[in-house]
């Protein structure tokens, strides 16, 4: 058996980005999901959308080349691409709720086998940080989640049922963790690809939900 | 034409009374009316309700958090009442935990739409956002076209503090790139709209009518940001 | 007694326009109301709004000076004024329903003493022509009506109760006809000014609703 | 980048099937997609539902009335189903009186808002417009803030035929003055958006991102109006 490797965050996001199709309009959540934009594939064009009303923006601005009026959803300075357009916040969420976003990638505290996910509130803390997550979860054609498989304390985040207040019910289509790539099917989590050196049984051990293990299970692919 | 130009930020906010609702736009640090907020902080109005994407940040910039920290705000209506990352403890976080300030948490798209709803004379609207979550509890639910929605109501405000790129003497506004964000909505939804402008205010007629993002009829007061003002 | 004169349509509209205050945002209906824009008073500035999203437009374009992309609500070519702005139709009706229009002037088939008016449908004909009238009637701060006092057949249009389907209930604040200027008060039509040579009794004869005749009744003023 | 440019108006409308809903913008004769309507008239699709401010005019210009007269429309949804002046008898007037075409009368502001509602993923909205009139009969009524409103629903469409001033290869659109009217709303609310453009279609990047009225993601097909096309 090969050495067990947990995926780095960039690798996890690369793997999700490989699923993006030519011409897709993509909204990347703040934090880990923004790493998806580092994956490049010249055979396809991705249109980046951010909540603040910029559509068709490009990579992060290099130092000295920042435009103080152009930021992404994380407040990072980005660069314009040809064809970029700007709208106001209500028009931006028209795009989101109106079904124009092909995929949104978000981080999460928990994902459950029915496609629920939780990423805005921890009951032990007062208040919550929703931002545009609930609108994106309700409006985007597909919700992909990128998160570590377990908490720092080793508790699994891949559950039968979310324990935290959810962001939206039944919307997650695909999940990547440092241990595997999962599709959420009507029957639950289907393990599509595993991290190098990890057996399906070992991944199941780290998971509360029952995993569906297909016959054609593969090791993680890092390039399409 | 009515003169809308005020000489200083302090003049422009001088009459804001205690107890009113203030709109504070901006997203990711861009398009924040920092000069007007600084003036309102100096002016000292209190018991204010603030509508903003967040309740202030951890950095040193003047924003709505400056007024929160100064005890001027009694309530915040925003899309973040806790940071997504626990390390980001703002003045608001502490005061909210200690019960010294009230807050209403609204999904960002619903916040934007509620502002537009107020400006548009719409009584209310149904959105699928938040259905199935804790935030939808107690809200009226209704199915349209096979999909559940919740009823949301307009969010009007008394004073809109706005940051624009260009303006003319008629009050027409132009924003630059992602500076636009909540600014047009808050300019349209506020009873009194006060704008800090990054460029010289030009004569009416100098802005292309097709390029204007907010029509001048929505704008009451304009102040050019001085050279020694807050720019970033 | 002076010779009886019925007011010309331009005089009727001039009189209404005299009521416009400096800085008012005004929406003029198609037809007779557009004549209000011919009244000029250099001491005040009026901002013209039309349903198609133009705000701050100027007089009708002279022949040879038309811009084919710039028309008012009646489809007439108009000229730009400094400060003019254009928006789309939903944004234009945001202004209307949102209470930004200080006064709308419309024509009508009938006006009744409770402020109802009818101007969109004649039951003997199928269908109706609403345009923006119902939105303007519901949204503008004030509704002024300009119409002939009677039909061609001599029937009064100034009624106790509208007989035609109404455009909005209880919104008319002021009415000008070829016989008089009327304020709609909680008690009904108050005759403010009469056409030259017409006594209040003669105007009452042409009117179904009971008129309130104030002590300070004046003859029509044509200039403020 | 996906090629959105079509060579001819006929190519751009070739696949429009019978029975779909067509958006036809324009107001006062400005911003009407006359070339696309002429092509759809040649193409011959029938049993169409049309959404438009009016159901055609009495002049000789190609507009939605051309399709009405040709028997292609089974229903019109518009703000005028009778002219305000009885002298203006259109082909629609006669057919409507004879029961050969169906119609739904919608106040103009409600029409615009229903289009936006469809584009915005909103389930429905409450407006004070039409309350107390015949048009509100049978509609759900509800009071907000002391004022009665009626519930209105989204108005989605299959094909939006659009007239624009400028466009780029990404599909971004710019309108000129009152040409804008219903065009942006119909471009955003249609499933398939087809645009006739008055100027050469420029490369993506040549239009100012702050000047764009409709983002290219809403636009599927672009056709430059040929020199011998319909201009006015």
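The first chain written gets the first letter, and so on, giving A, B, C and D; residue counts start at 1 in each chain.
The rule is simple: a residue touches a chain if its C-beta (ideal position, glycine included) is under 8 Å from a C-beta of that chain, and two chains touch if they have at least 3 such contacts.
The structure displayed is predicted, hence computed values, not measured ones.
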Farthest chain from chain A, comparing Cα centres? C
When the contacting C-beta pairs are counted for A-D and for A-B, which pair yields the higher total? A-B
For chain B paired with chain D, centre-to-centre distance based on mean C-alpha positions, whole Å: 33
Dist(centroid_CA(chain A), centroid_CA(chain C)) in Å evaluates to 57
Go ahead and note the Å separation of the Cα centroids belonging to chain A and chain D. 37
Where the CA atoms of chain A average out and where those of chain B average out, how many Å apart are those spots? 29
By the touch definition above, chain B meets two or more other chains at residues 113, 116, 120-122, 127-128, 175-177, 180, 209-210, 213
Spell out, as numbers or ranges, the residues of chain A touching 2 or more other chains. 54, 80, 86-87, 90, 93, 96-97, 139
Pairwise touch list, complete, is A-B, A-D, B-C, B-D, C-D
Which bits of chain D are touching chain B when the two form their complex? 113, 117, 120-128, 142, 144-145, 147, 149, 153, 174-177, 180, 209-211, 213
Considering the complex alone, what residue numbers of chain A touch chain B? 30-31, 50-54, 67-76, 80, 86-90, 92-93, 96-97, 119-122, 125-135, 138-139, 165-170
Report the residues of chain D in contact with chain C in the complex, numbered from low to high. 27-31, 53, 79-86, 93, 96-97, 103, 105-110, 112-113, 115-116, 127-135, 165, 175-185, 213, 232
Could you pull out which chain A residues touch chain D in their complex? 22-23, 25, 45, 47, 49, 54-56, 80-87, 90, 93-100, 139
Taking the complex as given, what residues does chain B use to touch chain C? 1-2, 116, 118-122, 168-170, 172, 188, 203-205, 209-210, 212, 215-218
